[in-house]
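Chain IDs A, B, C, D, E and F follow the sequence of writing; residue 1 opens each chain.
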Amino acid sequence: MNPSISFFYFLSFLTILSALMVVISKNPIHSVLYLILTFFSISGHYILLNAQFIAAVNIIVYAGAIMVLFLFVIMFLNLKQDQADSKANLTKIAATIVGGTVFVILFGAYRKTTLPAVDTANYNSQVGMIENLGHLLFKEYLLPFELISILLLIAMIGAVMLGKREIGERHF
Amino acid sequence: MKEVTIAEAPQGHSGSGFFATSFDEAIGLARSYSLWPLPFATSCCGIEFMATMGAHYDISRFGSERPSFSPRQADLLMVMGTIAKKMAPVVKQVYLQMAEPRWVLAVGACASSGGIFDSYSVLQGIDRIIPVDVYVPGCPPRPEQIIDGLMQIQHLAQNEKLRRRNTDEYQELLASYNIQ
Amino acid sequence: MQLTNRSKQVSNKEMTLMERAYLPAIATGLGITIKHFFSKKVTIQYPEVKRYLGPVFRGRHILKRDADGRERCTACGLCAVACPAEAISMVAAEREKGEENLYREEKYAAVYEVNMLRCIFCGLCEEACPKQAVYLRHDEFVPVFTDRDQVIWGKDLLVEDMNNRYTREAWTKEEALALDIKRANGEPTNVTPRAVP
Amino acid sequence: MELTVFIIKSITILVVFALTLVIAMYSTWGERKVAGFIQDREGPNRAGWGGLLQPLADAGKMFFKEDFIPAMASKWLFIAGPSLAMLTALLASAVIPFGSTVRFNGVEVPLQGVESNIGILYVFGVVALGVYGIMVGGWASNNKFSLLGAIRAASQNISYEIAMGLSLIAVLMMSSSLSLGEIVSQQHGGNWNIFYQPLGFIIFLTCSFAECNRVPFDLPECETELVGGYHTEYGSMKLGFYLFAEYINMFISSAIISTLYFGGYNYPGMDWVYTQLTSALGTGMGHNIATLIGTAVFFGKAIFFIFFYMWVRWTIPRFRYDQLMNLGWKKLIPLAVINIILTAAGILFLRPLIDQILN
Amino acid sequence: MADIELLPHQVPANAELPELVEELTTLNLGPTHPATHGIFQNILKMDGEKIVSGEQTIGYIHRAFEKIAERRPYYQITTLTDRMNYCSSPINNLGWHMTMEKFLEVQVPKRAQYIRVIMMELARISDHIICNSILGVDTGAFTGFLYVMQKREEIYEIYEEVCGARLTTNMGRLGGMERDLSHTAVQKIKDFIKTFPPVLRELEKLLNRNRIFMDRTIKVGAISTERALSYGFTGPNLRATGLDYDVRVMNPYSSYEDFEFDIPVGQHGDTYDRYMVRNEEMWQSLKIVEQAINNLPEGPYYADAPEYYLPPKDEVYNSMEALIYHFKIVMGEIDAPAGEIYHAVEGGNGELGFYMISDGGRAPYRLHFRRPSFIYYQAYPEMCKGSSLSDAILTMSSLNVIAGELDA
Amino acid sequence: MLSNQEVAEELLGKFGSQVFDFEEPYGLLTLSTTREEILTVLEFIKEHNHFQISFLTDLTGVQYPDKTGQEFMVVYHLHSFVHNFRIRIKVSIPEADIHIPTVTGLWESANWMERETYDFYGILFDGHPNLKRILNIEEMDYFPMRKEYPLEDATREDKIDALFGR
């Protein structure tokens, strides 16, 4: 096995393990930290795919910003006291059923798909590099890119409007 | 990084070896030049402490200018000013929160002995509740005297064996103040 | 409301455009601090360099002897009464025959103790003493203590050593004032520190 | 050949690492000295000559201080906090180009830990993670002051990262590369970015103050409000790690500022020096010495910015939490956007115009 | 966050909302918090970073001044007043002496009065230096503090020249001063007048018009004149609200009527106003010192009142009469009439009053100190309500609450 | 300017025999009233259109253990900034019934001053919003400023009264 393959297996193991720990951990803070670890190992996968830009952005955006906000909210809500709460058995059963169903669907879908074979000879290893990505985004797909940014802008404004507190409401 | 434990010397071999002694000395020196004080300033002596921190006397020459208001980070509790009976539990609490090794400097007449306030509300010296290493007389002491006190503490720190804080005598001393 | 005609409005809260922009004020501040960075330092290297504490500084106590080496204290107790900290205590004794070279008066203090941790160095004892016996030295402090047992100073520490007498330029307020006037007028003073007359 | 490169690379990385640590260590001494000098006093001068052993004394004391974990604290996270802070602080120095290249047996090895085409993004990623150390530690302490400090740190770092990134985009637009080595070499010959990006530089500088939690943005640990902020409950070497991480961060951001805006290892007249050296000492030796001079210049710039951080710290008051947020979101971000637009206009219209005139 | 109190959220009665609970954090500010420069505790109910309500606990250095004063002869009470507002102890000492002089109807010579004015104004400067520079420290600007502290050190040198101690000066005697101003002291005071303005200007440049500082202090901890009066504010804190009440002008004592000075007032009684008023008061004090030192009258420095003022040492040794007076004064057996008196001086923080009842004994029958800090500090919760923690700390340090004066 | 005469006459005219013991020690108008009238007297001079004696300078207690039936006294010092006029009002209360109405409704500043007086003397101010000890520890079971209690800390050991001194 060459080093990158073994590294791939190691990363996959780490990803799945930490993803499981996210679900299993009782303490929400621990969950968040495991989630961050998951993002890291996913970034590792990106690097293996020679997509360094995506890897960096994944860390900056998800691990660096969004998860900080998660942690922030959890710290503020102070869920530490509630960790002993026992979920009702019904909830557990329902969760198992839903989860199981999703798993079955995914598995079925996976079985139906045939993965395209990679043409190793003609494969451009630089496709994930940032220059190529830039060309794609700002030349070929300029319109969809701009539309998406407008969409995000609208979403952001909407979130601000929703989150804006009225006078007299509680504030952080 | 628990309290460093050095293996017990073999029986029949008294006194610490050369290495242990010079190591003790090195750490003692390090500690003495990095005494971060917790200024527990309640009254007049606190104002003199400001002068000690100030440009003229400059306590930072001794490496002690970083006042740690959190007891966890402090090495030296400087009790400056009157400690009333209402305040006494707080002083003791702060002392308990400090991590070993810790030293206590009672600055001024009030902290050392109550001074002129021989009244119903004032604690007659903080050594009734916590062990004090050095007393600085004066009401308030001049900055020079506070520096003298600090240097005395430095002297104590330099000559202290690493193991002192684990000895029975030290535990007894603490026990006599109902600590631990 | 205005009560007098002397009031003066001092606070102006309107900011100019320059002040709004943060940076000019910060630059001014940085200018001031960098000027100090290169200026002369005022620090006194204390244990090596000692500051002159002024002619009337109230340092540690001393019990004076007279020129013949006799103790001046007559154990009248005025200093103990004047002490707001109740730090002075004494036991009086009658002078025996043959002790005239030791004590100047018929009565003397057999025990004279000052609790140095209680003392607040207010100088009232010095003022109260009618026999010029107790003084607060202007050139020495009480040293720091490491033990509670050291803090009560008896006569062994307080009484002046004849080989190393405590001297001052002026002993009374009047003397000090006269000396000061002379100095101010530029007259030659030639005062050497001396023991109590 | 591979082996020589590997050895040189390892030595470079080790040296870079050691230098970072030593500089951070002596920054603590420098901070106390600078504070002293600015405040008309001496600063530490008893431990060793001029107090030079002061960092060692601090370290020795901290190592042998009783290690303490508060009873109510979450034990593992309490330990993880300072470790994370230290880790993320040290990671960033890997991509900074400290000098041009050294020639060794005809092999050119850049003085840079890792040359990466996304260097600046890597730095950003690492910096973005820096806040975890503070947040985790502050939360794990189970102390209200620590928690407030942690929360302030989190929101402050996230907010200022945005402005920081936006101000950088202008630089990246000019250099059209994300590689730090590339950005530096483009600034060769007095072509420093500071001359083209003064506004961006000021925004970047401000944000770097905020990212390092330095005055005027030291709210997470401001002494008079939150005692020690997130590290209130920390003692011994864990506190040492936090303080150390702060100084490493300071060094890293100084290094990045000099890389991005002040030409890195470039200095005026370096070509002349280079030709003189190579003609005097030969291409190999002369080149290496010229590189070393460049590295020294780089460190000089970085140390100046460390000094600048300290200078500012001992001069101005700090912001209040909401004012800090207002400054970040309502002033710096719009300014950064304006800066981007101006730069874009400059690149699109001004540069061809100048080129036309020159030709 | 160990202890959290859940309070029902105040929901409008007609609103159909699910029951909300509001989490209030209790933050214990003090007694050993670095910003509570003296020692007092503020228990703040916080909603995030906003303060909902606060309650203070004081008395952490209660030393029973009033009880001790009932046991001490009149001349020993200075050792208590020294330690009351220790930032400006000469004002307290001399205020007490003036009370006694008024009570015993002793006429103090003009020279002594001028020396007292000089000392009191220097004390006011040192008091305000501490308050204003500590406000700077609390906003994070530490350096200005150390610049002006160097000048405070010079004030202490002047004290030392005059009375022999730095902080707890035990200054003045019943009937005058304990000694005349020496030539060195005069020289030092003149030097101080020359060298202080540049340093104070530096502090002003560092803070006054710095936007960060202005933003931090403007509209922080504001109080209106009416509320301030109701809360018993006096001194710079009252003047910051715009009312020019100053004991030195309203009821001049110790020849204050001879001097030209203005009463600085602010606009809204916020932290910036308090800062600016104190700042300007330093300039005014400097002006007074300058006038006093330049017009220092010649003459004796103590009153001709042998039954109250200790005779010169030489006379004690030689004259029987002087010796008797000496013993009587030291033993505290002075002939004080029965009666009561209230006398106020303008202390560093406001009207410092001495209410004394005598029954003719050697010590006061009852001595009550009107301590300005004690009275105005109760307004603190109202002043910091609704502001953030940072504001509350600035409000506290701009109020200049001196623990010794607060708890007595 | 207000004169003592003017104020005294106005008060006598309004309250008659409820205000008594007029004195002028060191020029400060001093008068006594009863605890039933104290609130109305204070309110009257505070709200008086001309006097405007609206600033409560000081409030404190005094104990006279020998005056049976009037063991305690509460002293109010008031000040009119407009006229620069000070007035002192005293109220005597017996130890057996140690109550007096609070003036916290008129001045906020009275709050702590009354608490202090309670702490020192045990005088109960009826209607006070938060009458508890302020300077001393809550556990204290006596009122330390009363003359019968000693000043000294009873636990002090290093003091030898047998020696010279006090």
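Please note the rule applied: a contact is a pair of C-beta atoms (placed from the backbone, for glycine too) under 8 Å apart; a residue touches a chain by one contact, two chains touch by 3 or more.
All values reported here derive from a predicted model rather than from experimental measurement.
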Any chain touching chain B and chain E at once appears in the list C, D, F
Where each step is a move between two chains that touch, what is the least number of such steps from chain A to chain D? 1
What chain pair has the highest count of contacting C-beta pairs? C-E
Looking at Cα centroids only, farthest away from chain F lies chain A
Find the geometric centre of each of chain D and chain F from their Cα atoms only, then give the gap between the two centres in Å, rounded to an integer. 64
Just give me the whole-number Å value for how far the CA centre of chain B lies from that of chain D. 37
Centroid distance [mean C-alpha coordinates] between chain F and chain C, Å: 40
CA centre of chain B versus CA centre of chain C: separation in Å? 27
Where in chain B do residues touch at least two different other chains? 54-56, 58, 61, 69, 86, 113-114, 116, 118-122, 139, 142
Any chance you could list the residues of chain C touching two or more other chains? 1, 3, 26, 29, 32-33, 36, 41-43, 45, 53, 81, 84-86, 115, 120-122
Residues of chain F engaged with two or more neighbouring chains: 81, 84, 135-137, 144, 151, 158-159
Spell out the residues on chain B that touch chain E in their complex, using ranges where they run on. 40-44, 46-48, 50-51, 53-56, 67, 69, 81-84, 86-87, 90, 94, 116-122, 139-140, 142
Note: in the complex, chain B contacts chain C through residues 55-58, 61, 109, 112-116, 118, 125, 127, 133-139, 141-145, 147-149, 151-152, 156
Of all residues in chain F, those that touch chain E in their complex: 25-26, 28, 30, 54-58, 60, 62-63, 75, 77, 81, 84, 86, 88, 107-109, 111-113, 116, 120, 133-137, 144-145, 151
Report the residues of chain C in contact with chain E in the complex, numbered from low to high. 1-4, 6-11, 13, 15, 19-22, 25-26, 28-29, 32-33, 36, 42, 53-58, 78, 81-82, 84-85, 120-124, 127-128, 130, 132, 136, 138, 172-174, 176-177, 180-181, 183-184
Chain E contact footprint on chain D (complex, rising order): 35, 38-41, 72, 142, 144, 147-148, 215-216, 218, 222-225, 227, 314-323
